[in-house]
Structures are given as C-alpha cells and as structure tokens.
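In the two complexes below, chain A is the common chain; its partner is chain B in one and chain C in the other.
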Partner chain A sequence: MPTTRTATGKTSGWRFKTWRRTRLEWLGWLALVALTVLCWRVMTAGTIWSFVEDAPRQAADLFGRMLPPRWDYANSLWRPLWDTINMATLGTAIAIVVATSLAFLAARNTTPSMLVLRPLALFVIVASRSVNALVWGLLLVAVLGPGVLAGIIAIALRSIGFIGKLLYEAIEEIDEMQVEAIRATGASPAQVITYGIVPQILPAFATISVFRWDINIRESTVLGLVGAGGLGLALETSLNTLAWPQVSVILLMILATVVFSEWLTAKVRKGIL
Partner chain B sequence: MIESPLVRWAALLGIASYLALAFATIDVNWTRVSEGVVRAARLFESFISPNFTSRWSDIQQGTIESLTMTVTATVAGVLLAVPIGLGAARNLAPWWVYGICRGVIAASRALQDIIVAIFFVAMFGFGPFAGFLTLTVSTIGFLSKLLADDIEEIDPGQVEAIRATGAGFWQVIDFAVASQVIPRLIGLTAYKVDINFRESSVIGIVGAGGIGATLNTALDRYEFDTAGAILLIIIGIVMACEYGAGAIRKRFA
Partner chain C sequence: MLRIQALTKTYKNGEAALKGVSLGVEAGEIIGLIGPSGAGKSTLIRCVNRLIEPSSGRVQLGEVELTGLSGGALRRERRRIGMIFQEYALIERLTVMENVLAGRLGYTGFWNSWFRRFAAQDVQRAIALLERVGLIDHIDKRADALSGGQRQRVGIARALIQQPELLLVDEPTASLDPKTSRSVMRLLTELCIENRLAAIVNIHDVVLAQAFLPRIVGLNAGIVVYDGPASGLTAEVLTSIYGEEDWTRTAAGEGGSDDGEPLVIARMEAEQ
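On to the complex of A and B.
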C-alpha cells in the first residue's frame, strides 16, 4: 500500500495511486491533448471558415429543396432496390463458399500445412478485411466497368475476410474431444470434418453469415455511389442532377431497406439460436 | 437441419427460384468484362510494382488528412458520446433524458457514413472538415449506444452500496458506474479508431477529404500504379491500427 510523506516527514495516509503513476497519467493526458490540438491545426489549415459559418443557411436551403419528397419517383426505384438486394445476397453467397474453405486452411487445427497454406490464407483474409467494400467497388468498376457484377464481386471480396476470420476462430475453438472420438472410429479426414467439426461450428457459421448479410445490405445500398449499380447509383444520378426531392425519396428507401434487413436478421437469429 | 421434408423442399425450391431470377436480371456487359480481364492483369501488375513517387505529395497530403481526421473525430466523438451514453442508460437517466439521448443515437446511426458525408460536404464545403464531422457523428452513434447498453447491464449492487454511503449522483457515477464500464469503453474506443481510419479512406470519394479522394483521382486517371501504392498504404495503416487496437483491448478489457 503506497503511502506518501509530506515535507515535515509525516506519512499522510493511504493513496489510491503512487505519485509516479499519477504523474505518468497526467503526462499521457497532456500528450493526448497536444496530439489532438496538433491534428486539429493541421487538418483545418485549408478549411475556409466562411463556408463553415454559412453552414446553417446551407442546411436550411438543402432541406428546403429536399422537401416535399417526390413520391412518384419511388416507382422507378423498384429495379435498383432489387439490384441492391441481389448484390448483397449473391455477394454474401459467393463469400460464404470461398471463406469456408479459407477458414479450414487458416485454422490451426485443420490446416493441411502450417508453413505455406496457413500464412497464405491468413494473408488473404487480412487483405480482404483491410479494404472497404466501397474501395473494392472503385477498383472493380475501373476493371469490369460499371454495373451490378462489380458490386457483387466487391461485396464478396470484402466479406471473404470477415466471414473467414470469424469462422476460422470458431474452428480453432471447437472441442477437440469430439474430433478425437470420430477419428478413433477410423473415420477418413473428410468424415472427421463432416461429423466432428461441422456440427460444432454450424451455429456460429449461420450467425456469422446472417450478420454479414445484414452488413452487406447496408453497404450495397451505397455501393452505387462509385458506379456499382443499385440504389446508390440512383442516389448518385439524383445528386449529380441536383434533384433533391428524389434524393429524399431514395434516402427513405435506403433507410426502410436497412431497417427491414435488421428486423429480418434479428428474426432469423432468434430462429437459429 | 429442417425436420419436415415439405418445408425443406419448399425452402430449397424458393432458394433455387430466387437464384434463377437474380441471375436472369443481372445485366452484364460481357465485352466490357472481357476487356476488364486485361485491365485486371494491369492492375495486378501495378500492385507488384507500386509507384509511390510520381504523386507522392498528393498521397502524403491524403494520408495526413485521413490520420488527423481520425484522431480529432475520435476525441470529439468520445467527448460527446460519454454524456449521451450516460443519458441513454435507463437505470441512470429520467425518462425524458433517456428519450432524447436514444433519439440522438438512433439518428446518428440511421444513415451510412458516406451518405452523412455527402450532406456535410454540401453544407460545409469540400475538405477534411466535413470528414471530421462525419466521423464524429459516426463515433457518437457507435460509442454512446454500446456505452449505454453496457451501463444498463452493470451490477446494481455496487451502485446500491455507493448510494447507501450517502453519495450524490456524480459520486455514484464516478465510483460505481465508471469503474465498471471504463475498461470496455477504452477497448471500444481503440476499436473505433481503427474503424474511423478505414472510413476516412472512403468518405473522400464524395469529397470529404482524406486518402479516399486521392485514390479516387488516381483510379479516374487510370494510374493503377499510384492506386496500388495508395492501397498498400491504407492496408499498412489499417493493419497497424488493428494490431494497436488489439493490444490496447487485451490490456484493458
């Protein structure tokens, strides 16, 4: 229990932290404040403050233009909505197929080779996770041209890392006894996976997939901003033509889609667990 | 998995017909895609030989904008998220404060960051300031919701005990609530720094500054080697953030 002495030499009782610790903590806070101030100065060096002061007026102007929404525009949004749902669903489906095999290669207890395949699979997982779906979208639109296909692949590429990581962690955490027991019956490696490992990771697998589908619905609604089709493309077109009453309809549509997918995944998850 | 064969077959049929319908309605311009294969090869080639030099000043500026945006927005977001999170915890706040704070949280979570960025760019002009505001809003939505949910699940016995000593509201917060939620708050903040950097590399696409803007320009000019360099920088910083966040979370949570 650290105690401190005052100048007169008397002990002044118990303290929660030592002086050293207190001083270090203050220094840490000071460094954080200094860093923030520095970053703020650097970041706002090019900011035109008259634009910022003007913002409330701009905001009022913007919302004035957005209201009332042009409701009949909603009728031409069914096709983009369908595209959006397809991008999310097909992208997730492709990602599930690829990520499952990757996860078995990456998990310490199922990988066929610790030295070559495991690092390779981990690298693919990390690379896929590091790049945002929108950035994948930018790349794929540059490569494949604008359209739903680029969106599907962008969603798939981003989801592979996400599903792969969570799934390989689930595989590493399984109960080895069950695998041992299946192996002891003389089962082949394929049979060990089917009867020893798959039943243990199936709930995790289902939850992860449904969770990712929900995120993908969110992402695919905006993927069109970079040219990958769906509701985002309609948004981009309306923004470029300054058709603000259409923008508000699209935003409401996006919101409704996201809320619906959240509700649906909550239902499904309850059904699984 | 599904017990009744009727339901099972119906589910399979449903999935099959959905897939058929989905594939039938995707229009793909195959000639454009086959051209794309050549481009994909070029893209891949330029990843192996990334060009950091010819647009270095743009890359540098974008990276600095992204990093400064991440830091300032996370700090501002945490400062605002803590009071909102306290207000949104049902076991601490009166019902009207709870309602307002939950409303703020729902509003800041409703739209994707990039859509929020579009609006901030329209209101505040191009540049990292709009990005800073976007990330701040997103940090508030993320942290205050998780903080509030955490506070609602704390052990009420400790609150009771501190209250029984005659402590006031702020003393209860300080000694009974904070001590239970702060480790997780630190972990979540570290995680959010990581997410904010990833997002800062994206919102530049709509004009909110950061390295996303540089990447977008590079791809528009078909300068794949520069784009490759930018992507490598993004991946590098994201990985550094992720390992840093992981280390902090292991230490505190």
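On to the complex of A and C.
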C-alpha cells in the first residue's frame, strides 16, 4: 500500500495502511461502542427490575409444575406428530418443484430473459424469503381457515425463497466450459441443461433440499401455534389450559423429532457427497 | 472444405479479437494455429462453430454457410464439427461412457438422452472408440476419477463419435506434462489421418506444433501473420508472431545448437 520514497525516488519503506485510514477505522470502532452503550440504556429503561430479580424463583416454580410429565398424554400426540412431519415434507416437496424452475429463471447464465423474467423471479424469491413461515401461517389461516393445508402452503411459500436463492447461486457458479462442450455437439437447449448443468448442480440441489426439510420439521412444530395444525396446536391448547405436565411432554416430543431429523439429514448428506 | 473469409470479432468491451481473418482448410488437412495469449486463437475456432458470434465475415463448411444459421439448422451443422478443449470440459460427475455418448446428443431425442437410451450403433461406436484410445477398462469410471491424459482421451472420443468432418482443438496439451502431450498429439494426428478429418489445432508449444503439424498459421493481435509449412518457422517469422525474443533454439532447422543458453537451463527443461 503506501510506500515512502527517498529524495532520489527509491522505495525505502512500507506501511500496511495510510494514517488517514487507520484514524477512520478507530472512529468506526468508537461509534460502534457508543451505539452499544446507547442500546443498552434503551433496553434497560423499560425493564421492571423486581421482575428480573424474581426470575430464577419463577422459572423454578414453572419447571416444578411441569414435572412429572404426563406420559400417557403422549398417546394422543401421535396423530399431531404425523401431521407435523407431513406438513414439513409436503411443504418442502412443493417448494422444491417451484424453486427449481424459479432458480433457472433467476440464474444469470440460464435465464431466458434478462430484462423481464430474471427480475421477476428474483422478486418472488426475495418476497418469499422476507416473510417468516409463522407470518405466512397467520395469513393463510385467515384465508384458508385453520388446518394442515394452511401449514403446508406456509412452509412451501417460505422454502421457495430459501431453495430458490441457494440453487440459483449454485447454477451461476457452474463451470461454463462443460456447457460449451455439450453445446458444441449440436445438443438441443433442453439437452444442454440436462447434460451440461444438471450433473454439476445435483450435489448442491440434494444438500439444499434435505437441509430445508430439516429446518421445516422445526418450523412446522411451531406453526400450530397460529392454528395450522400439528404438534404446535396441541402445544397451544395445553398452554392455554395451563396443563404444564402436558407441555413438558410436547416439548420433549419436539426435541426427539428434531434430533431424529438431524440424524436423518446427516445420513442422507453423507450418502450423496 | 472450410472457408473463413474476412472474419472479425469485436467484443462488447470494444476489444477487437479478430481483425479480418481469412483461412482455408482442405479435407483431411491438419493445421496448427499458433500465437501469443490473447491473439484470438480461441475466438477464431469458437467463431467457426458459433459458440462465439462473429461480428462480420463468412464461415463456410463444405457447401453450407454457417454464419447465417440459427436454431435447429445451426445445431445440425454443429454435429459435423467436433471440439476438443484445453481443460477437457468433460462432465465431471458422469461416467466415461456417458461422456463419450454425449457426443451423439445431436442425433438423440430428449427423452432418450434423459434415460441414456442411445442407439445401439452409437454404443458400439463408443466401445470401439474407447478401445482405440485405450480406455475400455475405465468405461464406468466417473470422469473426475481419471488422470489428465485419460480425460483428454475421453474428450477426443467424445469429439470423434460425432463422426465429424472437422475437428476444432483448443490447446489440447496445455494442461498435460510433456510426455502425455506428445502421446495425445500423436493420437490426435493419427485419428485425423485414419478418418480423413480436417482439424484446426490451437497450440502454445511451438516445438510440439512443428513436430506434429505440417501446416502452421501464426496469429498475432487478430491478424494472420504467417501461413505456411512448419519448416518455414524461422526466427524472423517467430518474432513476427510472438514478438522479440531469442528464438535460435526454437526456430526450424536451428534447434539443438546449444550456444548461448547455459547447460543448467537446458537440463531443467529436459527434467520438466
């Protein structure tokens, strides 16, 4: 970067950054610290400290009410659990189909129209990503009424953006030389995609899909809170009736499901790569 | 059989890669295209099969003018032109056999290619070609499991299964060691002679070009500065193609005289 020169024009010294740049960076750090202090003050201004001091006792009390879990309640949870898993799986499946076509429209190197379709596809992807699945659920329960269908579509709508974004980035990163080689044989555009592009993005495609399914299992357990069926619905009912021993059973069941999906995705990923 | 007339290519950024190139290649003729990096060698061969769109000029293959074609008509003519790449450009995650059969995509319908149902005679031809290039034992290996020399042989088989009339070869040996380079060049020239194939071979290595290619075309900054026999590559000609350097050890007929260069450097080159 900046070098020092002697009077004869020879390079005689070197520093990593200019003085000006060093000073600016210090100012930046100072501003960050000031902002942290300010945020802390805003946060604590509205806190009632007596409640916070009381928190450990309250937590212990709640935990005490949850124990022992009402184990026989688990028997009425199998059906909601099945709903939850179905919601995640079907939602992911729908998202995969829609997101794959969107990704090809959005990727710079495969889009048929740079001016219209690409911005449109990118907008759909961003719009889908900007809204949480829980919010999609709230909206859809209002439109479709409560039930698993609203949950499936909520999961799908959120996942389209996730899968679409990661997949179109994978498409943009492919080796163009392989595509060129297939085009040079006289292959049709559809064959160029299936031979030149698909084999290159297949590992990314599989990893992204399985990863999103794993996330969706977790999200669908919560979606019931807004009325979209599954374990979350049972959780809400139990919370509203202050049936704490049931709540603990549900929480344990969610934990077991997530651990299971984690294990399964790890297995699948290992099998693909 | 291939006629290139006043071909120019100016890229969008204003860079003129080709400034009026005219070139004729007869059936069965193999020519070496040499020139410094950025001289337009890759652009020129890609303008022939229209992977790059030329700005002006004409390219004629046999009776067909390639420069006017589009869509299906262009794809039909591309089947007559095989292409071989520097980095092999194989589909890394597919097997050797799938890669070779990809050369028949232009003759295979979409769903048949999707399910890898290639015509029986294509499969027979692929087997024969893999035997010819010495890879029949690797038929079901994935392309990314092969060595550089083996991959380039797959690339050659993929181009030849098209049963082309013309081969476009882009730096076939630039990623290979000297010994493998020579065996690949030998295979390539033999196959061209066996099948009476015309070929344009882009090549960096002047010595290798002289050893295997009878006719040399020198390109500099998008202009043909030499077109003649390999034996005509004198120090002056090489200077006009590549610029000022000490060409005494490379120029035709003068090789082997070890004046000037220290023995150590010569040894190092031999070791490489």
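Keep in mind that, in the parts below, the second predicted complex is superposed on the first by the 242 of 273 C-alpha atoms of A that agree within 3 Å, B and C clash if a C-alpha of one lies under 4 Å from a C-alpha of the other, contacts with A are read in each partner's own complex, and residues count from 1 in each chain.
As a working rule, a residue touches a chain if its C-beta (ideal position, glycine included) is under 8 Å from a C-beta of that chain, and two chains touch if they have at least 3 such contacts.
Treat the numbers as computed from the prediction; the structure is a model and nothing was measured.
Peer 1: So if we stack both complexes on chain A, do chain B and chain C clash, or do they fit?
Peer 2: In the superposition, chain B and chain C stay clear of each other.
Peer 1: On the A-aligned overlay, A:T207 touches which partner chain: chain B = first, chain C = second, or both, or neither?
Peer 2: So A:T207 meets neither chain B nor chain C here.
Peer 1: Is A:L149 touching anything from chain B or chain C once the two structures are fitted on A? First, second, both or neither.
Peer 2: First partner only, chain B.
Peer 1: Could you look at A:W40 and tell me whether it touches chain B, chain C, both or neither (first, second, both, neither)?
Peer 2: first
Peer 1: Between chain B and chain C, which makes contact with more of the residues in chain A?
Peer 2: Of the two chains, more chain A residues are contacted by B.
Peer 1: Is A:T237 touching anything from chain B or chain C once the two structures are fitted on A? First, second, both or neither.
Peer 2: Touch partners of A:T237: none, neither chain B nor chain C.
Peer 1: Once both structures are overlaid on their shared chain, how near does any Cα of chain B get to a Cα of chain C? Whole angstrom is fine.
Peer 2: 10
Peer 1: Intersection of chain A residues contacting chain B with those contacting chain C?
Peer 2: Common interface on chain A, chain B vs chain C: nothing in common.
Peer 1: Show which residues of chain A lie in contact with chain C when the two form their complex.
Peer 2: Residues 175, 177-178, 180-188, 190-191, 194-196, 199-200, 202-203 of chain A touch chain C in their complex.
Peer 1: Using the touch definition up top, name the residues of chain A that touch chain B in the complex.
Peer 2: Touch list, chain A to chain B: 32, 35-36, 39-40, 42-44, 46-48, 51-52, 55, 58-59, 62, 82-83, 86, 89-90, 126-127, 130-132, 134-135, 138-139, 142-145, 147-149, 152, 218-219, 221-222, 225-226, 235, 239, 251, 254-255, 258.
Peer 1: Spell out the part of chain B that touches chain A in their complex, as residue ranges.
Peer 2: 18, 22, 25-29, 32-33, 35-36, 39-40, 43, 64-65, 67-69, 71-72, 75, 110-112, 114-115, 118-119, 122-125, 127-129, 132, 198-199, 201-202, 205-206, 212, 215-216, 219, 222, 224, 227, 231, 234-235, 238-239
Peer 1: Given the complex with chain A, which residues does chain C contribute to the contact?
Peer 2: Spelled out, the residues of chain C in touch with chain A are 49, 51, 75-79, 81-83, 85, 87, 89-94, 102-106, 108, 110, 113-114, 155, 158, 162, 168.
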